[in-house]
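Take a look at the structure set out below.
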Amino acid sequence: MKLTHRVKEILSWYESDNPGTKANLARILMEGKLGGTGRMVILPVDQGFEHGPARSFAPNPAAYDPRYHFELAIEAGLNAYAAPLGMIEAGAATFAGAIPTILKVNSSNSLSTTKDQAVTGSVSDALRLGCSAIGFTIYPSSEYQFEMMEELRELAEEAKAAGLAVVVWSYPRGPMLDKAGETALDICAYAAHMAALMGAHIIKVKPPTEVISLDAAKKTYEKNPVDTTSLASRIRHVTDACFGGRRLVVFSGGEAGTAESIVEMARGIYAGGGNGSIIGRNTFQRPKAEALKLLADIIDVYKTQA
Amino acid sequence: MKLTHRVKEILSWYESDNPGTKANLARILMEGKLGGTGRMVILPVDQGFEHGPARSFAPNPAAYDPRYHFELAIEAGLNAYAAPLGMIEAGAATFAGAIPTILKVNSSNSLSTTKDQAVTGSVSDALRLGCSAIGFTIYPSSEYQFEMMEELRELAEEAKAAGLAVVVWSYPRGPMLDKAGETALDICAYAAHMAALMGAHIIKVKPPTEVISLDAAKKTYEKNPVDTTSLASRIRHVTDACFGGRRLVVFSGGEAGTAESIVEMARGIYAGGGNGSIIGRNTFQRPKAEALKLLADIIDVYKTQA
Amino acid sequence: MKLTHRVKEILSWYESDNPGTKANLARILMEGKLGGTGRMVILPVDQGFEHGPARSFAPNPAAYDPRYHFELAIEAGLNAYAAPLGMIEAGAATFAGAIPTILKVNSSNSLSTTKDQAVTGSVSDALRLGCSAIGFTIYPSSEYQFEMMEELRELAEEAKAAGLAVVVWSYPRGPMLDKAGETALDICAYAAHMAALMGAHIIKVKPPTEVISLDAAKKTYEKNPVDTTSLASRIRHVTDACFGGRRLVVFSGGEAGTAESIVEMARGIYAGGGNGSIIGRNTFQRPKAEALKLLADIIDVYKTQA
Amino acid sequence: MKLTHRVKEILSWYESDNPGTKANLARILMEGKLGGTGRMVILPVDQGFEHGPARSFAPNPAAYDPRYHFELAIEAGLNAYAAPLGMIEAGAATFAGAIPTILKVNSSNSLSTTKDQAVTGSVSDALRLGCSAIGFTIYPSSEYQFEMMEELRELAEEAKAAGLAVVVWSYPRGPMLDKAGETALDICAYAAHMAALMGAHIIKVKPPTEVISLDAAKKTYEKNPVDTTSLASRIRHVTDACFGGRRLVVFSGGEAGTAESIVEMARGIYAGGGNGSIIGRNTFQRPKAEALKLLADIIDVYKTQA
Amino acid sequence: MKLTHRVKEILSWYESDNPGTKANLARILMEGKLGGTGRMVILPVDQGFEHGPARSFAPNPAAYDPRYHFELAIEAGLNAYAAPLGMIEAGAATFAGAIPTILKVNSSNSLSTTKDQAVTGSVSDALRLGCSAIGFTIYPSSEYQFEMMEELRELAEEAKAAGLAVVVWSYPRGPMLDKAGETALDICAYAAHMAALMGAHIIKVKPPTEVISLDAAKKTYEKNPVDTTSLASRIRHVTDACFGGRRLVVFSGGEAGTAESIVEMARGIYAGGGNGSIIGRNTFQRPKAEALKLLADIIDVYKTQA
């Protein structure tokens, strides 16, 4: 399969990586209906760990079965499917070679009182399960942020040496940030930038709001204004923060919303130069047909305008 | 390339180091317009991690792209370029062999409420990326200072065995120090001395002010007065504290200032026997032409008087 | 070089140690003007770390240069020189084989608000630098004492396997002890005993005062009185506490004093059966000629009466 | 130091290598009088191991001293100096940073009755000595060839991970080859190709003669004739065999010859697209002035026509 | 103990070694009656392993006891004592610190039909026994030479990292060499050179005879004649072969001979610039008084003329 010019250009950004890592990035970028466009839609299913099974799957009980998600991602023509160890183990043989997978190697849960995560998977796991990447979440600003970053450093070094890609979920939370601060424009951009600095190949952040949270940053934004009123320009600011647009950045779908609101968000991400959507609850909690329809609409946003 | 007498003399200070480490120090000291003089100008770009991307790069958006900094350092004829993992990865192949690099292997950020840092790079990373040195920041006086020192100890031992040099940023901060104390003369000298004691090859501290901060030290300074009124004599005191001038000591540019104030500071560093400037924000936040002009002026200070 | 009867007798105390450790103890005991007497004078230069460079070296600026201390120890005919990593690295090749060195592998500093230390050297460092021993400080009674003891345990075990000796600085300080308590007779004896119990080959404590600090100990001292009025008998009590005199115990010179007071203290240490003096500030802060004179006088105390 | 377009083009051939290896190749290619041209002259001094000290150095006794060879390579403005462990150890600190070195990590000798070699250096040695590459000799056709290839594989993998380059001397010898066969055109091309296949970055072979040695190959050469009468076209055939000219190939100077014959050979190598000469005996066995003259003439061949 | 100018000069040859290795070389060079002269007499007692106990010790049964050899070396004022594991273990504690020891870490025996050796000691053994160096024998030309060299390489790298010195016995034997060839001038020089190339700090070979053994070498010796008629000029040729005299070379006493013949040989070694004698059988097989007399006479040769 010949890589498109755009995918080759994207791979050239990762100039220090070995061909194995490049090949795995290429697999993700060339897969599915968006294959070759440089845009991606990824299905993440770590909700069960984060929020518990009922909050995750009761709205659509078919989704209790891990095979459901592989099938959803494949039928929808997505680029990759990301999940924790058990979810991948439960389908990796059946769907071997059918879709790139991302092994989520750390996880938090709603029963924790601390903003930390457990490492729940390894690079060896990712290799034996045929995954293309590991996924790791950091919580910048958490009192555990430095421990999480050090875990990421170690796992990322190992993953890269083994030819895997590294996907980082960068979700700010902690004593300095109120709820609004967690998705503030300056904070999202900062979180994305730190993931890039730590060597992430694909960066996942939440879509930023108009808020500027950090006092120390306000002066900068006054002097160097960003149009905060449009999602597209806010997305542009975040992708700028990722090495001037030379890292893949995808945005989560956020809280459950209407199909139209989600598609609208994709339009903003697209317009701002984001590389795509990573969208879980908003798809697997819907009946499958609806989910496929929604995903097709999102893909259309990224594709028809590619 | 034949080493100058001065560079050979400097290498002789590092008598316990293996030839690999000496060769990497030589590479840094022989590079660029100051090559061979024993003086250095280094470009550090860890601002993105420390202060966030907008505060670092919005004043000069071209600097969002990591390649910009490699180019700036090469065009300006600097001795080395220092940055965290992702920044180095994003240009290390394109600029392989073009300028010595220093992999900054720990990083803090403005979203932290503690005076600690995360280890974000390794000696293996430095080797695979072709770096000449690792860089590490300690915060003497921080409640995490001992942990940071122990991380440094371990990384430095490994780096030296692999023939790399070790650059230590020694930035005092913590419960015993108010803002003025962080750059007080006695504190800067102490911070520099501790870095030397931990085996640093190159020591980076802030230019010291006239303040004497530690009560316990005041008597000493009264009995053994240092001329605190001139920057040159304060710099001299700091380099004395680094093994009587037998360790390389470079000084940060400090807060954003006018070009003239920065060049003036270089004059003081030069006159006091400091080994050079490590200057980030004051260059990459300026338009490139201005930055090149400023760096040329700083280099002239160190060079014309060499 | 034939060992003296006295040195052989001392080595026999360390019957569980391997010949490598014994050889390194022999090197220290056979070196210098006191070589063979079983008494020692050691030069420790960790003041720079503990108190900062100006408080340590400004009174005698030649001492900023690490080579100064090697030379002082060699010219004075001392038994060993102890210092942190950077100080040893800066002279270990020039003075290779010229005097036994003790690598101080942990260090505190005056900018710390906690009574803890950082591990700043390793057994591998000691081997590559040709040291005869590692040195480690514990602060019995500190809230970090157990962590420090556990670090000591691990390093001491490793050092002994590699044929190195272990020197322990045992300096009580912490919430239960006021200033007077830190050098109280019962506390000094207790601190020395704990160092012996942890497997130290050479124990360094401060000269004890007449104070009995621990309430729980007072009854014992009343029942079993020690002549606390003479330094000699207090020293005897401390050496008794070190396995009935079967461990090497040396005493620090304490705060800066007159030459005569320091020589007088050596007389007390000698008379009480102490194994010698470990004396830093009181020598390297004096002009070299004075320091050599003072050290010669101290050595005379231990030697002429040997 | 800005890389030339040609050196960048050469580095692009090594697309799977990490930036560290590329930087070390760049160091070699940018050094000396041919720096930047893509052509190289390398000084190899492994003759002492291979042929004994008198046969190597008696004609020019100054060459017994390892420092002589560092100086010769530096003064002549060569690209690199290659030698076994002891030779590098004896000068690596004095000449740290002055010229790229290649640690020859295996060695044979004239007292062996088998066509094998001993591994006599390691990647760790290369790092601690500041080398840019390891060098390894294989004897294709020897009864020990597979053992040697397996040793190379292991060392090369380790070297590449540590950011070093790999130089392979490929010298066919063994039961199938008579003396003429060892430098036959088909055999040289085959030996060079195998080195390329094993992942060598720089390949060293002997200049090929007009002989076609392998019966099985003769038919091919009849069907697809190579102009064997000119050295240039034979060199072209060998460089073609190294990935169509996309690997660096250098040629040994061969047996002792006249200065003119050696320069003439360089002309052929140049014309055939070879990347340079690796020339030992023919330089260090001459008086230094003669050797410098000869090397200058060889360099002129590669340079003036570059 | 202040090192002499000559010993400092010798240490400067070993510029790539760490201070630990330099200190151990200094210990050997500063020990005994020749301490400081740069000349050495070493007692090796590996005969028991090589020739069996009766052939070694029956002529002087006191020598069955390992302590005898420590005492002999100490009383004679030698520089070091070399022996296999068991011999060192049997006296290392009693004689700890009394004389530098060299742990012979491989051994052959007369019951072998192959010219190989077993590795019988480790670097850890050397450290726990307080040895200053490891000793290793290679048999250049043996069919096992490459295996032995590879064992040496690995042990030497480990020893150097731990601050030990490496002594290599280079004894040619094998299918290409008849008895005369084993001590032929060209072969001795070659054997010594190979030990230097493998990184030996001290090289032990047999005194060379007038024979030139290797056909390939004869032409060289005709063209570049060595005065083979005097031992001194033959010794000079061997030391030249060891980096132009910049490695320590000692010569074995050879077969049992008269006291006068052995002293005469020392005169030749001295005159030819050899660094001393390593002499076993010829001392420990004599009654102790005779042995001490002989060693005193040998030492006089090296000392009075120093």
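For clarity, chains are labelled A, B, C, D and E in written order, and residue numbers in each chain start from 1.
Definition applied: a residue touches a chain if its C-beta (ideal position, glycine included) is under 8 Å from a C-beta of that chain, and two chains touch if they have at least 3 such contacts.
The structure presented is a predicted model; accordingly, all values stated were derived computationally and were not measured.
Enquirer: If you check the contacts of chain A and chain E, which chains show up for both?
Expert: B, D
Enquirer: Please state whether the interface between chain B and chain D is built from the same residues or different ones, using more than half shared residue numbers as the mark of same.
Expert: same
Enquirer: Which whole number of Å gives the spacing of the CA centres of chain B and chain D?
Expert: 39
Enquirer: With centres defined as the mean C-alpha position, give me the chain B-chain C separation in Å.
Expert: 36
Enquirer: CA centre of chain A versus CA centre of chain C: separation in Å?
Expert: Result: the chain centres lie 58 Å from each other.
Enquirer: Which residue numbers or ranges of chain B touch two or more of the other chains?
Expert: Each of 15-16, 18-19, 92-93, 124, 128-129, 161 in chain B touches at least two other chains.
Enquirer: If you go through all the chains, which pairs of them touch?
Expert: Here the touching chain pairs work out to A-B, A-D, B-C, B-D, B-E, C-E, D-E.
Enquirer: Applying the document's contact rule, which stretches of chain A touch chain B when the two form their complex?
Expert: Chain A residues touching chain B: 13-17, 140-141, 143, 145-147, 149-150, 153, 157, 172, 174-177, 186-187, 189-190, 192-194, 196-200, 214, 216-217, 220-221, 223-224, 226, 237, 240-241, 243-246.
Enquirer: Under the definition above, what is the set of chain D residues touching chain B in their complex?
Expert: So the residues of chain D touching chain B come out as 1-3, 7, 11, 18-27, 29-31, 74, 92-93, 96-99, 124, 127-131, 161-163.
Enquirer: Which of the residues in chain C end up touching chain B in this complex?
Expert: 48-49, 51-55, 57-59, 61-62, 64-66, 68, 84-94, 107, 109-114, 116-122, 124-125, 128-129
Enquirer: Sort out for me which residues of chain E touch chain B in the complex.
Expert: 15-16, 18-19, 161
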